[in-house]
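Structures are listed in the sections that come next.
Common to both upcoming complexes is chain A, partnered first by chain B, then by chain C.
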Partner chain A sequence: MKTMQPRPLSTLSLVVLHEARILVRDRTLLLVCCVLALMVGYGLFVGLAQATLRERMVAQVLKHERETQTANSGTLQSVLAGQTALIPFANPANPAAMAGTLSGRYATMPNAPLAALAIGQSDMMPNYYRITYLSKVQFMYDTEIENPWNLLSGHFDLAFVIVFVLPLLVTTLGYNLLSAEREHGTLRMLCSQPLSVATLMIGKVVVRVLALLAIVIPVPLVVLLLIRPEARSAEQLVLMLSWSALVAAYGLFWFAVAALVNTFGRSSSTNALIMVALWTIFVLILPVTMNLAVGLVSPAPSRTELASRTRVATAESLREYEDLYSADYRYASDPEALLVKDERIEVPSRMRGFFLAKQKVDEQIEPLLKRFDQQLLQQQKLVDRLSLLSPAMLINEALTSIAGTDSRRFLAFKDQTEAFHKRWRQYFSPRILESRAMTVRDLSSLPRWHWVEMPASEIRWSIWWRAMLMLALASVLGGLALARSSRGSIE
Partner chain B sequence: MLDAIEVTKQFGAKRALDNVSLSVLPGEIYCLLGANGAGKTTLVNLFLNFLQPTSGSLQIGKLDVVRQPLETKRLLAYIPEQVTLYGVLSGLENLAFFSSLAIGEHLPRQRLLELLEAAGLPRQAADNRVATYSKGMRQKVGIAIALAKNAKALLLDEPTSGLDPSAANEFSELLVKASNDGVTVLTTTHDLFHAKQTGTRIGIMKQGRLVEELRSEEVSHADLEALYLKHMRS
Partner chain C sequence: MFAIIAAKDLRELTRDGRLLWAGGLVVMLMLVALAAGWNRQVQLNSERSAGQALDYNAWLHQGYRHPHDAAEQGMHVFKPEPSLAVFDPGIGPFVGSTVWLQAHRQSEVKFRPAQDATGLQRFGELSPAWLLQVLLPLLIIVIGFNSASDERERGTLRQLLSLGAPARSLLFGKAAALASCVGILIAPVGLAFAVLIVARLPAGERVDVVYRITWLAAGYGLYLGFFVFLTLAVSALARSSRAALVLLLGFWVAATLIAPRTASEATNLLYPTPSRLDFDAQLTHDIADAGRKAWSAHFGARTQWDPSVPLSKWGAALKVDDEAGYGALDENFGRLWDTFERQQRAQGWVGVVAPVVALRGFSMGLAGTDFSQHRDFSTAAEAQRRKIQNIVSEDLIEHADRLGNAHFTRLAPSCGQACRNSSTNFRLCRLPWRIIGRALCCLP
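Entry: the complex of A and B
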């Protein structure tokens, strides 16, 4: 009697090929893959549309800024040459007008090259601010500060497809990994051969993982590489690699859960119920519970308190400088008073008062804003810690980090904007207080906004530890499933 | 070749096998008789390592079934009462897959067709989906899988229950031929006639115990029936 010794690898490859053939024949795989492909395509389209919209917005404000600068330069030259009639509050030679309504710079945050991969908070948080001498409370804190997890749901983007839909498709393909074989009776036939249940399970998972990941990973990356030249740099390719690792680890995690559920020997319908219950817990209930916990442990800063304090501070500041608001009407009858003489100009006292009042508001409100930022930072830290409890939260944070639509990048933008706002004020403050007229030369030396991207090493670390943790979770659950499958009976 | 040594299997409070010991030598056809629930299938499942014994041990070719499950399965082929195959695949494709698993190599189509023919499946049915097969046809594919494996031992759990008399007879002939080639056969059956005809030894089980063992040439059909009924009624 001849007895061949099948090698484990060849047994595994036999199972993989067989499983692929079965799934293709009964069309389950085809159906699931089509659904996934459609969702990935639509999710990516939504992400690309959002990214394009934001790019257009930034392009428009920058165009407006350039046009305003050109117009100001022309008007200033004309005013200095005495060719243009003087308008009290629209005189570019007046530093208070240039610091405020007449000019202003835009602080803009460009899209990260992989922005289309996740909308994240980009549709809630601004990617540009108009910087003037006004109080920063007026332009930076006029939107609701949100717990990052309040913003998790709501977009049908690629991150949504991965975090929410992918586990459901894994459930569709994996709830009956072993139970179907047991119920059809083929498990007895299979296990009477020199084939371990562990090898059988690995083979089944390999086919399903490859089928799903072959759609969800390469499709978005190829599309981005084709239509987004900025995504082709080495740094972005590394980010794409980490994105792929994250998605693969998340998919593996859910397959490991399915494999483990299958080792308890329950019926396919019970397995499906357990999987849906686990999905509900990990993807819906835990994030919502964590959201509530974050709100309780580290409550969001009070918008009402900020508004009231701002109102009080503004009233006090206006009162402090009220004597400066009275003398402006004389410019209507005496426009010559606004002429530039020896590079000096009379800054209307109302404008000076307004500038000082706004500066005062910021000084008074600064401690409260610091507390605001501190609370926001604490919330973020808490979210980071709590995200360890839910794979969905864990991966969502990492996906938005890669796309540059996470709260950290928006906070960095806010910090840089505040610093720029301060520089803008500092530039104009001596000119306004010392009544120094703006010159054409000054226009080219106005503070310029420059966005400094977050350090890539920081982003990489925050992504890779999450990917590694997810992979470790998947490995532990998978190992447990394999150990249980080799120990248990197949009856 | 097949050894059960003081095997007990407990399912909760129910003792399915109670200190059963038996040995089947190479070339023997050992027929296990007994009423439903006597423990025949449990013993087969234990040899296949589908279940693990509560106490005692089982060996195939001196290899422990629990400690070396894959090695022991390389030595045996199994045909259950209901051969369940993949309905979306043809008989030929099912045979190709299971034989590849069993022997670790792909058999050529011609060889697969020969095996199906040897098992009694009409050639024209080989490429039809198994979902369209009758129970007997599936049983024949199961026999072909066992033949492809060329195993040293055969474990059969009421293998002829789905076959017509002619096919059952052909199957018995196949068993005798295999045993003449040195293959060890352990089969469970309710069919006393079949046991007497093909078995070299017969064991009678009752309530998890092996209550009688005898050589088939030592008893007539009538004696075997009388002995069986005596045990069942006692």
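Entry: the complex of A and C
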């Protein structure tokens, strides 16, 4: 038969055209495409809503920060001019108050420009922390408020549509690529034409792939480019390209599986069963089992231990600075004691005691806290390796890292926040210990927070190798399917 | 007739590879899930009870100190894991387990296990409940989709009916065969697990757990029964086996995969959850407001630092301040939790079309891992904190700081007059810790 193929390309285009006509008349394609378009639209809407929510939060926090600063410097000026009554714990001239209750400083992490593509961990991890001299255990474990039931259900975002639903739609379109022809008796007829089964299959797959990918890839990207100006930079365009490559490779992988399943010559029902079984294993069972395995192989340290250690450290530090807590405390009856004299101010010793105690707690807890973060990174590395087992895990990790909503970015944020927290304390430490009053100039030179984005090259590399791996997997399976198809039976 | 049909169908199913492979996989996963859950629970519970004992012990032996400093140190309480959490961890991974009861403000329950996990956690938690809710219906569909349509396609249905087999016997016989397949897979594991759990419990809790297990069995039986009959009905009514399979799988995907997510998104729009920032701002504002009102009502002062409130009145002042905040705390947390519960109730309606949503709530409720249980714990912990606060403030009222301006000062047990006075003071001071401790032991 192979000798009778003078122009394989034109045959292929004929098959493609013919198949497209059948699929359009059949209405299956239309239905599947409509369902996909609806889901992509809805997923994108959910992602955009969540991204906007986080953005608004960061904006609100920054506004609050500016307002507090203005209020603080206003109060400070009037305190220095003697126009405002002095309140011991709310006096901006007092460095301990500025470091703590009056501090309006926040560490914030902006959304990545493509955040709407996947919600990832962003509904659980905070994207801002309020920075004071308080101990890390007191402020680093605040989480975003979300109904735990909804966290359990998960969000209907674009990543969900791609990872879970896309393969099912591929199955709907592809489970009977050849088996339907065989069952209708038309495969025999087709094989009598100058046409190889491989060409036939390629033609069938091409139509379906193009139809699905023409919806799932351009729609979100065009929407994002239209409404998010920050997504138009060259770097983001490259990321979008890699996102497209990933999604295309994932779609191709599932089509290759469908093609391979079809070459076994089973009935359509059996093919559908095999496809669903594979989907269940790759998308449902393997990720959940691997989640369990990761927890077993690289378990997080005990939170109970952390709680107990925190309490011990708190008790010890309270005891160590007990004298400071109980020292002279006459400000209620004698507010004049709090006046700034020669750029010095009497820092109430209880406040100084608190500052020192919290610092002490952190010094003691630090190693344990580090272990939590290291363990999470360790787990993440394990997941990277295990994700080779399932394309669903592979693509899920990549999609969230493109959107900047993966655990790595949140860990980096936490890391930078911790460093900033340390700087904040270091700035105030000498002022509190030496009773140096805050000046108006000091207020404008407080340590400032700068988020340093993770190096793009690292993310880009990890995404591209995933896309390439998936593509390679798809082409191996596809090649296998083509090789088998030429030997398959037509009955 | 019914028994013969059931026996024949069952034999057919057991000879078919589908049941063997899919069923084997489900049983294996079930065993893994049970073993892992069991292991986790034993470890967590022993850790938490040890932690609780340590904390309580440290509290009792903190020695002489100013009551307010003791309140500042506070103590931890840990949420105990209900024994059926092995079966259904429910919202467990997404809520915290530890509360630090400290002065001044209600702490939230911290340390969600999902925070210490990777993004993989969001695919779901491998638990027996997840297997029964998600995978078993799929198994029923996979082994049963052609049980009626196949008879028709092969022409054996006509033969059967011509022999006088009643249609009802046919239906129930096939249903019995399908159900017993599922039963063979899960009953032995389930029974062994139930016996093991009940045997490990102290006698007093057994009745309660057996009662819960019975209801769980009934609920899951109903759920799986629904899928058995749905599969048979679609198989009997669909044009072909292929159509039946596509329809059933479509329903399964929509009901177990898509409906829960869509429902949670929809109810979020209906009853929006406040952001942490808004919630905190509102709470702070309300507490400050209530505080100001209480201060002016009780002391005629606008702030805590007004000279008209002498330090000797600080016990009473603390009490007034704390109690003023209670209302605001109750209101704000109550509103938030009501929102969560309203969201969940609204999702209950989705259960009418997607049974998994209804079953999930039912199962969590019985396993003691749903939100109302969590709310219960949070409320009890907060009540405990207030008890400690009140005792501390009472102590300060009765034994006001007497060293002039040296507020928050523990009287050093030195010699002289002060020593005798203070020693009575200390005994009174220390007594409450024991009472608090005892009360804590009764905490559920």
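By our rule, the second predicted complex is superposed on the first by the 469 of 491 C-alpha atoms of A that agree within 3 Å, B and C clash if a C-alpha of one lies under 4 Å from a C-alpha of the other, contacts with A are read in each partner's own complex, and residues count from 1 in each chain.
Here is the rule we go by: a residue touches a chain if its C-beta (ideal position, glycine included) is under 8 Å from a C-beta of that chain, and two chains touch if they have at least 3 such contacts.
Because the structure is predicted, anything quoted here is derived from the model rather than measured.
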First (chain B), second (chain C), both or neither touched by A:Tyr133: neither
Which of chain B and chain C A:Met124 touches, first, second, both or neither: second
Partner chain in contact with A:Ser196 - chain B first, chain C second, else both or neither: first
Partner chain in contact with A:Thr11 - chain B first, chain C second, else both or neither: first
Touched partner set for A:Ser269, first chain B, second chain C, both or neither: second
Touched partner set for A:Gln375, first chain B, second chain C, both or neither: second
Touching partner for A:Arg25 - first (chain B), second (chain C), both, neither: first
Partner chain(s) touched by A:Tyr250 [first = chain B, second = chain C, both, neither]: neither
Residues of chain A touched, compared between chain B and chain C (which is higher): C
Which superposed partner A:Phe355 touches (first chain B, second chain C, both, neither): neither
Set of chain A residues, in rising order, touched by both chain B and chain C: none
Chain B residues within the chain A interface of the complex: 45, 48-52, 69-71, 73-78, 80, 82-86, 88-89, 93, 97-98, 100-105, 142, 145, 150-152, 155, 181-183
Touch list for chain A against partner chain C, complex: 46, 53, 56-57, 60-61, 87-89, 120-121, 124-126, 128, 141-156, 160, 164-165, 168, 172, 268-269, 272-273, 276-277, 280, 284-285, 287-292, 294-296, 300, 302-308, 310-312, 314-315, 318, 322, 325-333, 335, 350, 372, 375-376, 379-380, 383, 392-393, 396-397, 400, 406-407
Residue ranges of chain A touching chain B (in the complex, touch as defined): 1-7, 10-11, 14-15, 18, 21-22, 25-26, 184-186, 188-196, 489-491
In the complex with chain A, residue positions of chain C that touch it: 18, 22, 25, 29, 32-33, 36, 44, 47-48, 50-51, 54-55, 58, 62, 65-66, 69, 72-76, 78, 90-91, 93-95, 97-98, 100, 110-126, 130, 134-135, 138, 142, 145-146, 241-242, 245-246, 249, 253, 257-258, 260-265, 267-268, 273-277, 279, 303, 305-307, 309-311, 336, 339-340, 343-344, 347, 371, 374, 404-410
